[in-house]
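Same chain, two partners: subunit A is paired with subunit B first, then with subunit C.
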Partner chain A sequence: MKVEGKRRLWQDYQKEVAEDKFFYVRSCIRQTFFPGSERAFIKIIGTELGKEINEDPAHTSCTGIGYHTDIVPFETTQTVVARQFSLMTEAGLENYVPSCITSFGLYTEILETWEHFPLIEEQIRENLYKATQRTFNKPKNLAHASDVIFKFRHEIAAKAKHKLIDVHTGRPLRVVEHIGCHYSKMFPHKGIGGAEYPYVLAGMVEAWGGEVIDYPERRHCCGFGFRQYLVQANRGYSIACSQKKFESMQPYEPDMIITNCPGCPMFLDRWQYVIGEMEKVAYGPNGQMIPVFTYEEVAGLVLGYDPWELGLQMHQVNCEPVLDKMGVQYDPELKYKGSKGEFLGVPAIPEFLKCC
Partner chain B sequence: MLKRHVAIIGGGISGLEAARVLSKSGHEITIFDAGEKLGGHVAQWDLLFPNMRKSSEILTALLNQLPKSIHILSKTTIKNIERFNGYYVIHSDRVENVLADAVLFAGGFDTFDAQRKEEYGYGIYDNVITSIELENKIKDHRFITAQGTKPKRVAMIHCVGSRDEKVCNNYCSRVCCVTAVKQAIEIKKTSPETEVFCFYMDLRMFGRHFEELYREAQEKYGIQFIRGRLSEASEAQDKTIIVKAEDTLLGKPLKMNVDLMVLMVGMELSKALVPLVEKMQLEVGDDRFIMPLDEQLYPNQTKKEGVFVAGTCTGPKNIPETLNDARSAAVSIMSYFDQLSNKN
Partner chain C sequence: MSKFGFTILKDQQLDYDNLSRDLALHIQKTEPSISSCMSCGSCAGSCSASRFTQFSFRKLVINIQRGNDKQIVNEIQKCMLCGKCMLVCPRGVNTRNVIYQLRKVLNEKKHHEV
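On to the complex of A and B.
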């Protein structure tokens, strides 16, 4: 593997990301899957880095899942997205930052459609006005939230309390990076590093001291891929996709997985448990699993945030092996307590897989 | 007959052959070439299809036939060509400008930059090489992997940078199919125990004896041809390359590990020629090669009076086609000179 070859390619896939004044839109599903991630993003960008970040509670789903499963027609989707843009416009902002990868892909697709077919844009503007009396400006800058963290990765590294380094051995943690398919596979030039060798997460890992693993099935879908999962009969295919990835990455002995999509951490995390219990196989060392994180969670750990505030207790795969390697202090007693100290309940212990 | 001066841009085989024919007819010739030695791409090749002849034989024959009166300006970059008082003034990085009655663009292709097919990992994976590199490996008796071992399995990927909308090259580069067959046979001759797999879309064996060579590759050497375009390549931990494709004859996806993956790179108009072509406002086709005045009737003339084309600057060609095209261009130039003389 020639890393300089990758670096040469990365030069071709640079992307402009706004410096400040972000209009942030949350994902439909991430707050359920990994509830601390979006909160961590706002804290990092707003409090930690001192940037202006705004939200609007009136914003809705972008309809991405409905669109990709052929439930919502494209015209409807575009009109809903046009309404989101109108919220940004009304807030006096122009830098649009979606939390969700599917939303990011959809916004990119719609903006490209409007660029190439201006009459469609006119029609959507008319639809929106008739339905809501709203008008909108298109974003001056559209960046996924992981692009924003990537942009400020060195600033985060400068404030780091912990690095992606095993404090006991000094070895960089081996990290599998997995981008969501809709981040750059549809529009490679809209993603940092392109589609074949994406750099958005790899750049964070490098900046925070870790080592990126390049394994053969790194391009493969995590197993979410809507039709594989949403159609119940296809779920065997979904789990097979995840299994293919785990088997491919296992020989490289990764310490952790980092992702930037709502579905990827969910499926890489949950299916790992399912495969383990069904097949009696563990992809991590000593009968354990490979911890899976969102990039906000990793950034939060690097900045010294409390792992339970980041919501890491909501993961199926225990995160403690990575916390121990990074030297993160945590109170095991607080793991299953809510923010007000209430007991949240403890998950059942797996039959085959080993927990901490 | 009035002695005229022709400036030939390119010292590859088309430039050499055109120079020979024009010089024999008594015209003064200057060959401009960016390289140190004449011969272009053929000089960098070892064996030729379909008869496994040494390329150096062709080149030596062409060079030996070249009259001594020809001016050769090697290591010379042309900056501009201007029309002045019925002549063409060739400005180069040399001190003196050259005045010519006609200009011949002779040849001028680059092999496709395989890094643009990112999914194949050229320049990233250690054991992904181009057909040019394989030719040199075999010539230099270095048919080994990056780790120094003899390859047990080799995949040859056809149409890299050709017939590919993704890289904006819809055309066929014509010589890559038969080159793959030739190189696959050379691999088997060098290392009989090595398994060779050719991944192709169509096998375009258009030339004389090409089909026979293809049959020989299968029947005598056991080379396997799989109809299917590669979807992606990855590097395994042991540095072998994992290739994924669909065998479209069997209708099944296919995945295999190979020790070496060879990319059969196609042709594109030389990047070095592009600024000159633009400055002279020569017409180019949607394949970005130079358009002649008429593809059927006047394949060596351009819309610019006194500017002619030969060889691969008008599209991919093999050696016999290139040499014939050069001769044809020389005849067109002589005919143009006759017209000029008749006018005067």
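On to the complex of A and C.
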């Protein structure tokens, strides 16, 4: 990996991320896919780093999924987003931090639209006022939650209890970083490192001791893409994208994958099982799969959080190989027990893949 | 596989490092009018053979450009050389001669391989 040229390109795409007083908005699908991640983010920013982070239970979906599947018109989406901004304004905050990559892309798109077409902004303000009697200020700073973790990556590294290093060999873990398409492919200047060489996750991996893998299909979509997934018969398009990525990364023998999008960890995680069952292939060593994590989960592991509190039992691919390499202590008996000790149920064992 | 309700689609990415342009260049040389094709599909819409088979001259042109020789060998056998496609082509492509030249060169290649 020739990093010199890439570092120069990364420097051209820097963005301002607020220091404190965040208005955090959760993602619709992350709360069901990987509910521990958002909780971990709030704990890291609020408790570990001592920053002010606020939420509002009146926050709703940004309608991004409906917008990208042509179900919700753009005008409606803009009005809903304007309402989200009004919640931030009512809280007296200016730094808007969405958890979802698609929301981040959509907020960016809407703010850009309003900047270039002020009459549309006026129309949306009128729509919102007529519907809810609300007014709003636009955020002074819009940053994705991964931007915030990136900003404080060295502070997290300073508090690290574990590093992305194999404790048995001293070798840095080989990490595939996968950035959600809506992070910077639409508006490269709004992402750290731009569209071709986004540095947001690579920076975290490097700061926490890991080694980033540069492989041919690094910037390929994971395959989520809304339309090709929502209709079951179309899922062949989705899984073909993931398969192309896995085949491209496999020769580099990654220890783990880190992602910053709601859909990417879901699909890179679940599709490994489906491809394994369909085609009898495994992309990890010894018939196993490659563990997939969100950046909050990795930050939580680095900070020494309990893996089951982070919700790692919600993953299709077992995370234990990475925990063992990092030297994270965990109790296997508690994996499928809830916070009150109740039994959560155990997933079925795959026919082909080795998971335990 | 049936338990998932879908299959993994085959990759449609073209790798021009592994594709041969020989056939496309040969056809362009022997029937230059093929360069005028704009893939409108009038030929395929008027094709008698397409009533009974999956034959499509438009698809054939794409396969020539992409160097998918194996698919072309089977496809050109379906054409009856009636020439209706020539009559409807808005760009005046001599479609019948394209098929004729393809058959000629691919047959020669086949005999040569044997």
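Everything that follows uses one rule, which is that the second predicted complex is superposed on the first by the 355 of 356 C-alpha atoms of A that agree within 3 Å, B and C clash if a C-alpha of one lies under 4 Å from a C-alpha of the other, contacts with A are read in each partner's own complex, and residues count from 1 in each chain.
The criterion applied here is as follows: contacts are C-beta pairs under 8 Å (C-beta built on N, C-alpha and C of every residue); 3 or more make two chains touch, one makes a residue touch a chain.
Keep in mind the model is a prediction, meaning the values are calculated, not measured.
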Is A:Y336 contacted by the first partner subunit B, the second partner subunit C, both or neither?
neither
For A:D214, select first, second, both or neither according to whether it touches subunit B, subunit C, the two together, or no partner.
first
Touched partner set for A:Y237, first subunit B, second subunit C, both or neither:
second
Touched partner set for A:F187, first subunit B, second subunit C, both or neither:
neither
Once chain A of both complexes is superposed, is A:Y129 in touch with subunit B (first), subunit C (second), both, or neither?
neither
After lining up the shared chain so the two structures overlap, which partner does A:P251 touch, if you call subunit B first and subunit C second: first, second, both or neither?
first
Quick one: classify A:Y273 as touching subunit B (first), subunit C (second), both or neither.
neither
Please write out, lowest number first, the residues of subunit A touched by both subunit B and subunit C across the two complexes.
none
If you look only at subunit A, which of its residues touch subunit C in the complex?
232-237, 239-240, 243-244, 274-275, 277-279
Where on subunit C is subunit A touching in the complex?
1, 4-11, 13
Touch list for subunit A against partner subunit B, complex
1-2, 5-6, 8-9, 194-197, 214-219, 251-252
In the complex with subunit A, residue positions of subunit B that touch it
115, 118-119, 123-126, 232, 234-237, 242
